[in-house]
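Below are two complexes that have chain A in common, paired first with chain B and then with chain C.
Take a look at the complex of A and B:
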C-alpha cells in the first residue's frame, strides 16, 4: 500500500467525522454560548453582557425551578438505585441460565417502547378516572374518585420507571463479575448478611452504581415529557422553562443562558461521578 | 445460585414477592395502554364499556380508527422518512468513523474520540436548541448576504434529521467499531496479495464482514429516531413526526386512538428489536 494512498484514505475518513462534530456539536454549542451572552438593547441591536445570567439569579422562579429540578433528579436517581439494586442482585446472583436471560430481557422490553407511550400508560393508571382510582373505589377504600396525576409523586413514579433500565443493566453487569466464593467466604467467616452487602457486594458493584447513577441523573435532568405530562402545568421543570423561552416567548438569549446552565450542571455531575469512581467516559458509556 | 448460604424461608419469599412486584410494575403501564385500545368509550379511562375494534378500523366520528385518521397516518409517514434518512446517514458516517478509529493512529485521536462520545451526555433538549440557534444564525447571515431564502435551515424536517443524526451517529460508531475490532486484518492482506486494490479488498472482504453490525446499527437508529422526542421537539416545523403529534393530542386529552397507535408501535418495535437481536446472534 502506498503512503499517499493511506493518507488520502485518512483524509476521506476524517472528513465526515469533522463535518459532523463541527457543524452539529461544536459550533452550535459555541454559538449558543455567544447568544447567551447577548443582551438586546434595541431592535436587532445587541451588546455583550452577562445580563441573561443576571436575570436567572435575580428571578426566584428561575433558580428555584433549577434547584427543584436538580433536587428531584437526585431523588429520582437515589430511588431508582434503591429499587433497582435488589432486582439486579437477584438476576445476577440468585438465578441461572435460562431464567436469568429471561428476567434480564424482561427488564429491557419496556424500553423498546417510546417514552411517550410509557408516560401515557402512567396517565391512564393515575388519572381521576384511571385504574388505581377505580380499584380503590371498588375495594371501598375511598368514597369518590382520587386524582393521582399532576403532583410530584406522579413525576417521581414516571422518572424512576423511565430510568430503571439504565440502572439495572450496569448493575447486573458488575454484579455478574463478582465471584460467588467471596460471598461464601464472608459467610464462612461469620459475617452477617448486611456486613457482606456493605463490605463485599457494594464495593465491588461501585463502578456499576456510579455509571448507572450518572446516566439516570442526566436523563432525569434533561427530561421534558415525563414532568410535563405527569406533573401538569405546575410541574416547574427546568427543561420546561427552556422550551417556554424558546418557543412561547421567543427570547432565545435567555433560553440559551438557561440551556447553558443545564448543560453545565449535567456536565459537572458527570465529571464528578467519573472522578469519584476513577472511570473513563468511554468505559462508562460502553456499559449502558 | 449461591449454594450453602443460610437464608430463612420468610426472607426468600419476601425477596421473590418483591421481584414479582417489580415486574408487574414494569409491565403495568404497557398492558394498560394495550387493553384500553379496545375500550368502547371515547376516553382512554374507566369505566370499561366493552370490546371494540373501532380505534383501529372505525370510520365514523368520534370513533375514527388509526387506519382512517389522516393526521396520524401522515405523521407516521413523516416519522418513517426521517427515520430512513437518519439511519442511512448515521450508518454511513458510523462506518467511516469506525475505520478511522480502529485503523489509524494520529495526533489528537484521544481528543476526537471523547468529542465523538459527547453527544451521549448532552441532554437532547440542549442539542436541539443549540442546533436551532446555530442554523438560524447561519440562515440569517446567508439571507442578509445573498438576499435568497434558506428554508432548509429553518425548523423543519431537514433540521429534525440533522438533530437526530447528531447523536445517533455515536451509537452507530460504537456498534460498528466493536465489530471492526474483531476483524482479522490478514484476510484483507490475503485479498491484496491476490491482486485486489485496497478499495477492492475493503469492499469484497471487510465490508461484508461488517454488514451485520451495520444492519443492527441501522435498526437501532430507526428505533431511536422513531422514539426521539426531546431533540425533535425543538427543531420541528409544520410537518410533525409521530411522537410530536401524539404529544399534542395527549396534552389536550384524546380518544383511545392513541392507545391503538401505541399498540401498533409496540408490535413494530418488538419485531424490529427481535430482528436486531437475531442479527447480533448471527454475528456471534
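Take a look at the complex of A and C:
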C-alpha cells in the first residue's frame, strides 16, 4: 500500500517533466530527423537517403562555417571564463552582506531587458556614427569616424556580454562553498597566491567552471541574434545558415540535417572538453 | 407598433450581419493595409481584419508550415506563386467571378493572371507594384549609374545591398546578360550565376554591410555611412523627404519590376471577407490611400489620380519614359532555380 502510494506520487511528480520532454523535445526532433532523411528528387517527390548529410561534408563552405562557429564559441567561452572568474571570486569571497547582493544584482540587471534590446544597444555604441566613434573623435584620438561594428570582435563582445551571467552564477555558487580556512591554511604553509589559486581555488571551483563553460558554449553556438546583427559581411554563423535553409530557401530537408549536425557536433565538443579536463557530467551536476 | 417594427428590423439586420461577419487574417507587407483603410472596411462590411506583416520568403515559409492554414489572404509577389504552389500546394484557386475586374488596370491583371496560372487555375490578382534599383546619395555617389558601378573605387566601403536573388538578377543584367531568358535552361543559368558570383566576390571589399531589413538600410543611408545601395524605389523616395540628396535612380540596365498580388491560402477560412477586401481596396480612392501609406502605386484603374503630387513628382523624376520602358519585370521563378541561387549566395557570403 505504502509503496503503491509512493509510486503514484513519483509518477505524478515526473509527469509534467515527461510531457514536457516528450511533446516539446523528443517528438519535434523525431519529426525533424525524418525530414532530414528526405531527399527532394523532383516536384513533390522525395526519397529516403542521407544526401542532405552528404551536402554538409561535401561542401567545404558548410563545415568551414561550422568550424568557425565552434571556434568562435570556444573563444567566447574562454573569454567569458577569464573575465567572469575574478568577478565571481570577488563577489563570493571578498564581499559580504549588502555589497554582495548589490554586486550580484548588477550582473543580473542587463538580463531584465531582452536580448534584442541589448544587442541594439551595442549597435548604437559601436557603429560608425555611434557613441564610441564620436567620443574618440571628440577626444581627438582619431581623425575620422571609425567603424567598430560588422566584424568578429563585435560578435565576440556581444557574445561575452550576453553570456556573462551564466558563467558568474555557477562560479559564485561553488566558490561560496569553499571554506576560507583552506585558503588561510595555504598561506600558513607558505604558498604563493598563484599556487593557492592553482592548488586550492580552481580544483574546488572546477564543477562550477565546467557547468558554466558548457552553458556559455551552448548558448553562443546556438545564438542567432547577436552574430547576425553585430556580424559583418564575412561573419557567417551556423544558426544563420539553418535559418536561411528553412525560411529563405524553403529547404527544410537540408535545414533539418544541419540542425541535427549542430546537435551532434556540439555534443561531441562538450564531450571532448569534459574528457580533456578530466571531468564527468555527473560529478559536475552533483556539486553545483 | 413602430418600435416593434424597428426592433425586429434591427434584429434582422443584426442577425444577417452576424452570419456574414468574418475575421480576415491578412498576411501582407508593411503599409499595404493602413489603419484608416482597415477602419473603413470594417465599418462598411462588418468583417474584422487582423494584419501580419511579412515578406515573400516568410509568407511562403509560414504557409508551408501549416499547409496553407492560419491566414485567409496573402500578398506574395506574382513571380513567387506558381513555383511554391506546384511544390507545396499552399493556395486555393481564385473564384474570378467574385472579383470586380473592371477596377484593375487590364494589362497588369492579365499579366498577373497568366503568371500565376497553374493547371488552368488562376491563383493571383495584382495589387501593388514597384521596382528595385539604386538608392543613391547623389551628392556623394552621383557617378553610380548601374549596379556594377557599386564596385567602383569611388564608393568603396560605402555600399550596401541585400544577399538575395534580386541582387543576382540585377548584377546579371548590368553585366550584359539576360538571366530571365535562361530560366528554363539550368546549365545556362548556372553559367550566369557563376559569373555574377565572381563579380560579387570581387566587389565584396566595397560593401559596408549586407542589409536585411528596410529600416536597417534607411539608417545606414540617413547617417551617411552608406551612400550607394541597391533597394526598393519607395525606400529612396521616403529618404528623399529627410535628405533631398538621397533618391531612387533607375539603373541604366533597367530597374527590376515586381507586382505583389492577392492569393488565398489553401486552408483560409474567410473567403467572403477576402474577396470583399480585394474589391474594397481596389477602389481608386482606397488605392490612393494605400499608395500614400506604402509609397508604391497600385494596379487599381484610376488609383494614381488621387495620389499626392509630391510622390508623383518623385516618381516622374526617377522614371523618365525610357526608364519605364526598360523595367525588367520578373517572370515566373521555376522550381529548382532558387536552390542554385541559394548555393551561389552562400558562397558569396562565405568568400573572403
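Please note the rule applied: the second predicted complex is superposed on the first by the 241 of 288 C-alpha atoms of A that agree within 3 Å, B and C clash if a C-alpha of one lies under 4 Å from a C-alpha of the other, contacts with A are read in each partner's own complex, and residues count from 1 in each chain.
Operating definition for what follows: a contact is a pair of C-beta atoms (placed from the backbone, for glycine too) under 8 Å apart; a residue touches a chain by one contact, two chains touch by 3 or more.
Note that the structure is predicted; figures quoted are calculated from it, not measured.
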item	value
Contacts of A:236 with chain B and chain C, given as first, second, both or neither	second
First, second, both or neither for A:246, with chain B first and chain C second	both
Touched partner set for A:150, first chain B, second chain C, both or neither	second
Residue contacts on chain A - larger count, chain B or chain C	B
Which of chain B and chain C A:13 touches, first, second, both or neither	first
Chain B versus chain C as contact partner of A:24, first or second or both or neither	first
Contacts of A:169 with chain B and chain C, given as first, second, both or neither	neither
Chain B versus chain C as contact partner of A:127, first or second or both or neither	both
Residues of chain A at both interfaces, chain B in one complex, chain C in the other	127, 129, 228, 246-247, 252
Touch list for chain B against partner chain A, complex	1-6, 15, 18-19, 22-23, 25-30, 32-33, 36, 43-47, 92-93, 96-97, 99-100, 104, 106, 112-126, 129-135, 137, 162-163, 165-166, 169, 174, 192, 198, 223, 226-227, 229-230, 233-234, 243, 246-247, 250-251, 258-259, 262, 265-266, 269-270, 272-273
Interface residues, chain A side, partner chain B - complex	1, 5, 9-10, 12-14, 16-17, 20-21, 24-29, 31-32, 35, 83, 86-87, 90, 93-96, 103, 106-107, 109-110, 112-118, 120-125, 127, 129-131, 133-134, 161, 164, 180, 183-184, 187, 218, 221-225, 228-229, 239, 242-243, 246-247, 252, 255-256, 259, 262-263, 266-267, 270, 281-282, 285-286
Chain A residues touching chain C - in the complex, by the definition given at the top	43-44, 59, 61-62, 64-65, 127-129, 147, 149-150, 228, 232-234, 236, 241, 244-252
List of chain C residues in touch with chain A within their complex	57-58, 60-61, 64, 84, 86-88, 164, 204, 207-210, 212, 223-225, 335, 338-339, 342-343, 346-347, 349-350, 352
